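First chain A sits with chain B, and in the next complex the same chain sits with chain C.
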Partner chain A sequence: MDRHLSATLKRAQEPLALGAVGSMLIVAALLPFVFLVVNLVRAPAELSAGLALLGSREPWFVFLRSVGSALVVALASMLVGMPLGLLLGCTDVRGRKAALILHVFPVFLPPFLLALGWFHLFGRSGLWGGSEWTSGALFSLGGSVAVEALAFAPVVTSLVALALQGIDPSLVEAARVTARPGRVATRILLPLAWPAAALGGLVVFALSLSELGVPMFLRVRSYSAAVFARLGAVQYAPGEALVLTLPMLLISIALLVLERRLVGPRSFSVLGLRSTGKTVLPLGSWRPIGTLVAWAGALATLFPFVGLAWRASTGTAAVQDWIGSGVQNSIVPAAIAATLLSGMAVVLGRAIALRRAGAKALDALTVLAFVTPAAVLGVGLIGVWNRSGTQPIYGTLAIIVIGFVARYAVLPTRTFALAVARASPHFEESAAVEGAWFLRRLVRIVVPLHAGAIVAAWLLAFVFCLRDLETTILFYPAGSAPLTVRIITLEANGPEPVVAALALVHTSIVAAALVLGALAFRPRRRA
Partner chain B sequence: MKVPLKLAALTIAVCASFACKRTQREVVVYTSVDQPFAEPIFREFEKRSGIQVRAVFDTEETKSTGVLNRLIAEAQRPQADVFWSGDPVRPFVLAKRGLLEPYASAAAASIPAQFKSADGLWTGAAARAKILLVNTRRVAPPDMPQSILDLANPRWKAQAAIANPVFGTTTMYVAALFTVWGDDRAKAFLEQIKANGTRIASSNGEVRRLVAAGEVAFGLTDTDDAHEALQDKAPVQVVYPDQGDLGTLVMPNAVVLIKGGPHPAEARALVDHLVSPEVEKRMTETAGHIPLRRDLAGTPGPGPFRTMQVDYARMADEIGKIEPWLRQWTGI
Partner chain C sequence: MTTPISVDRVAFRRGAQDILSEVSLSIDAAQVVAILGPSGSGKSTLLRVVLGLVAPDRGFVRLDGEVVSADGRIFRPPEERGLAVVFQDLALWPHLTVRGNLAFGLAAKHLPADVQDERISRVLRRVSLQGKQDRYPANLSGGERQRVAIARALVLEPRALLLDEPLSNLDVPLKRELLGLLKEILRERRVTAVYVTHDLREAMQLAHRFAVLEAGRISQTGTLDELFANPTTAFLRALREDVDPVSAPTSV
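Up next, the complex of A and B:
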């Protein structure tokens, strides 16, 4: 009997583990929305007010405008990211690794910091501005689109580069016998990288549609800012805000379906199948031009830091007075959330890659939580966790951790799923044949085999938690404002050099985290 | 395998320090007063009293309403002890919901009666005024606008700015216009402003930035924003509008005690501090505020000006009524 029970329990290990991770996700991400929906049903006045608002022309105008600008941002990012990904991913341009790292770095920062940097360059009192034209161009829809496109283009670049680094070099070598580099690039490499580029485009579209900081800073009307505003107006109506998010939820679902139809089945198999990092496409006489284009593109995304550094040059001395405990409040919850998330990613990412039952639904939940306006999630989290029995959570940084788990689960999960999909399943299968149950296989095979992917997942989750603004701003515990929140609350009225200096402190923390991550990935020399 | 283990160990260590409980006396304050001015006052209170202040500040874009709504969202289980509002109207929203605890601080005895409630629900302390900030490089002194009606004047087409009236003190100003002028005239005026190409900035701070940078000729903003622009030596000048008839709106900061807050004794100590003459003087000196106490002689501040005659409680009611129309006016 005992043996039978033990065997049953062992067989149940995998569904139980997936169930545990699923429960955590449901509590963190789904429960807040359920809370809001239940409250909405209980308050029919808010529901009808929200529906009446959706029945009018104005919200749809703002919504379509936001969708349109997100589309342009996505297309512009692809336009920049695809050729750069090609040049930096698999050609012999000089210093391509360094250029790729520098180009990708800004994607790990809150986009409003980059907007702040552009403002210090092209604003009326900016380093390179001083004219009404540059300032007017920046504070316009076009300016907002350009800032976001440059901020998000590295998403496409890195995915395309990763995909190209994984292709079979023999394919290109064969083509190179008769074709020039340009023809090989357009006929072989770019079609192969298309799923990665399309995935990048979808990610950028989602990021742009839910972006809050850039349109708010550049005074451009956007739908996500309108939803946030509905939570900030005098008549507190979270139900109305929830109704207003319905069009965004529909877009999110459409994106999810599109991702699965367009690139889903291929994304795991194409993205970085075998990341050799070798040059497969020598540019020959085009190498100097290729190098110039690659570095120009890479450095363009770094210009905002010039603006920030210039403005911060007189404010560094006062940073100590204004930084408070912002650094600690950023790092501690981000580190805890990243650890929890990467642990969850090992179970869920593996289940997604191996197409286990229920994994698809949980994957969809993580995607929807990522693209839904964070302000709505924030109000739901307050409703769920601000209760007498949950004060040790709501009154501490733990509530920030829960917010991060809800919002960013998709990133480490997809990273780990990618790693598992790339690897051979035979190791686990052999172990299973030998009688190793799920947990044993997980600890002895999956984790050691994918240690690098776990570190990558942790790092990705950590830097995205660090860059977060919109999730935590609604419910961070009093006196525990993360650095990004401190920057935004000081931004309007604080001394500009100090705010710029704080932005650079944040940049330095992210850079340090990435350098440490890179060191963890460093190939070890054998004695 | 080693790296993930190290990461896990590091995180456990971090968790352990994170789990450390607070033992010090503390008070929680939510405030829509600008962080650069409020935070030094909290630090000063900490030094004097030994009570740690844990604060939540508003963003400029949702000024006065972000933390207000957080207070409402947390009403079932209040987290805050004190709300230090940047205007006297928002506390009425909390009062209507029964979220305030009356407390008439002895430190506020010398504050005039019109700037505090008789039942101790709110106490005013230092004020701001709604002014026109004019860029002196774009507008010569004789041509300077003198009235808010200039926002709708074709002469200033696309050359002026106001903050989004759904948030901050601009809501209050618009509500004041509705109470003084009536709905029809106020609505018509706002439509004219829009038709005149007046920029709707995200906040008063943005209005200051636009004017200081010369992107617009003038804008409607608050004295504290004007003070900052002057501190930065921006080419700007303050005009107290409508001195002939309507008058300039004065908006005292308001301090209120939250009912059921977790630290009632510490909260009273903080309220005493925030409404004290020292803090009022400091807000006047550092934040461009106007002292409410008549006995703060010698405090730098604006000279005498004609003030708009308004009833803050009535304005609070008006805000509730006009908000749906204002959202429609601003676009959503």
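Up next, the complex of A and C:
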């Protein structure tokens, strides 16, 4: 009997582990949606004002404007990111690795920090500005779109570069025998990288629609900000906020469907499954121009740091007084969430790569939570957790961790899934045939084999949690404001040099995390 | 005495494509059966069905008379089948030393440490890898890696050994050397084995019987003489002509 029970438990290890991860995801990410849908369907009295609001023109105007600008941001990011991804991903431009790293770095920062940097360059009292025109252009819908497009373009660049690096070099070599580099790029490489670019565009659209900091800072009305405002003290109207999430919820579902259609089934091939070598397309006489364009594009995303550094240099004596516990409040929940997410990613990412039952549905849930504007997810999370019995969670950093798990699960999960999909399935199958059950295989084979991917997954989750503003600003516990919230709050009424210095502190933390992660990620040769 | 491996009317589909159709095959104890077939004929899938890595949509797989998979269900998962496998890519775990690779399966069976040490030393000696147990796979030559993969499978003393084109990427002298070693070991240990390949010359070195798999169906089984006496398919005729050019029809 004991032997029978033991055998049953061993066989159940894998479904139990996946079930545990699935339960965590359901609690963190699905319950908020269930809350939203149930409450919208039941439509209690408090929602009647909200429903009336949706009957007016105003919210629809803001909604369509937000969707339209997110669309323009996505298209502009693709326009910048695709050629840069091509140049930095697989040509022989000089210093392409360094240029790619510098170009991609701002993705790991809250975009409003970049807006702050542009403000200190082109604002009324900026380093290169000083005119009404530049300031007016920045503080406009066009300015907001431009800032976001430059902030998010590296998403497309990196995905395209990654996809191109995964292409079999022989495909390019076969084309080079008969065509010039330009034709190889446009007829072979870009079509092969198109799904990755489309995925990038989709992610940028979702990020832009979610974006709160940039429109708030540049005084541009956005739909996310309208929802957020109804959860704040001045305009507090949770019923209206709930109703306002409805159109965004529909957009999220549309994005999920689009992701499934565009890339879902082939996301591994999109991101370079089983690359066999590095594809290098020599540009020939175009190399100097290619190098110039690539570096110009890479450096353009770094200009805001010049503005921040210049403004910070004009007086940072009081930074220590203003920073408070912001750094700690940022790092602690981000590290806890990243650790939790990496553990979940090992189980779920592997299950997705190996097409285990139930993994596809959980993968769709993580995508839905990521593409859903943070304001929508936030309203759902508040509804689920802001109850008298759950205050030990809602009143502490735990709620931020739950928010992070819900919103960013897709990033480490896909990172790990990609690593597993790239490796030979025979590594684990051999272990199974040798009698090792799931947990033993996981600990002895899967984890050590993909240790680098786990570090990368942790790091990605950590920096995305660190950069988060939209989720945390909705429900950070009193007195526990993370650095991003502290900066955007101070931006309204704090001393400019201090705010710029705080932005640089945040940038330095992210840079340090990435450098440490890169050192840990460096492959070691076994002697 | 029961048959170590028996496959009975197994069918397997992937999407709309039939990978295996009505495949039946039985392998007696201490017998080496070669499964021959062109690329894409379903050879590796058949091996995966026997290993329990995938379930047959229809039909039965029996090990020593016990039904282990049938009609879309796996009753005994790979961990419980007592088989061993050598894949084409060898799948040596790169983060484990040679000893770690060999000890992994033994530890999973909870064998005492002294038994593990004794078995590992014995097998490493047999494949001429003594003194290399602390090396990582990356620091071994191609031939040494092949030997580790064979040793890793043999150290488990499995009820049957399944080999999925393990030598297909090797140069001729190394292939010849390893085939000789494999033949000796399989004979002296009386190992029941299934050897999947598309190379008849390889199979001839090792196998007692042959099964020809084409488009997911077993087209012919028997000894080499039986197969060549009456080759029923073009693939088999081509194989015969390859090893025995005299039998080829004369062109005018």
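In this section, the second predicted complex is superposed on the first by the 474 of 527 C-alpha atoms of A that agree within 3 Å, B and C clash if a C-alpha of one lies under 4 Å from a C-alpha of the other, contacts with A are read in each partner's own complex, and residues count from 1 in each chain.
Note that in this section a residue touches a chain if its C-beta (ideal position, glycine included) is under 8 Å from a C-beta of that chain, and two chains touch if they have at least 3 such contacts.
Just so we're clear, the structure is a prediction, and the values are computed from it rather than from any experiment.
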After aligning the two structures on chain A, examine chain B and chain C and state clash or fit.
fit
State whether A:62 touches chain B only (first), chain C only (second), both chains, or neither.
first
In the superposed arrangement, does A:302 touch chain B (first), chain C (second), both or neither?
neither
Of the two partners chain B and chain C, indicate the one touching more residues belonging to chain A.
B
Just checking: does A:475 make contact with chain B only, chain C only, both, or neither of them? Give me first, second, both or neither.
first
Between chain B (first) and chain C (second), which does A:79 come into contact with in this model arrangement: first, second, both, or neither?
neither
A:489 in the overlay: touching chain B, chain C, both, or neither? Say first, second, both or neither.
first
Touching A:448 in the superposition: chain B (first), chain C (second), both, neither?
both
Who does A:430 touch here: chain B (first), chain C (second), both, or neither?
second
Which partner does A:219 contact after superposing on A: first (chain B), second (chain C), both, neither?
first
Which of chain B and chain C A:7 touches, first, second, both or neither
second
Write the angle, vertex at the C-alpha centre of chain A, between the C-alpha centres of chain B and chain C, to the nearest 10 degrees.
160
Considering the aligned complexes, could you tell me the closest Cα pair distance between chain B and chain C in angstrom?
8
Which residues form the common part of the chain A surface touched by chain B and by chain C?
448, 451
What residues on chain C touch chain A, complex-wise?
51, 53, 77-85, 87, 89-91, 93-96, 104-105, 108-109, 136, 138-139, 152, 156
Contact residues on chain A for chain B in the complex?
53, 56, 58-59, 62, 123-125, 132, 135-136, 139, 216-217, 219, 221, 226, 228-236, 238, 244, 322, 324, 332, 335-336, 338-339, 342, 379, 382-383, 386-388, 391, 394-397, 447-448, 451-452, 454-455, 458, 473-481, 488-495, 520
Show which residues of chain B lie in contact with chain A when the two form their complex.
1-4, 7-8, 10-11, 14-15, 17-18, 26, 28-30, 34-37, 39, 52-62, 65-66, 68-70, 72-74, 76-77, 79-80, 90, 93, 164, 166-167, 171, 199, 201-203, 205-206, 213-215, 224-225, 228, 319-320, 323-324, 327-328, 331-332
Applying the document's contact rule, which stretches of chain A touch chain C when the two form their complex?
7, 10-11, 424, 426-427, 429-437, 440, 444-445, 448-449, 451, 525-527
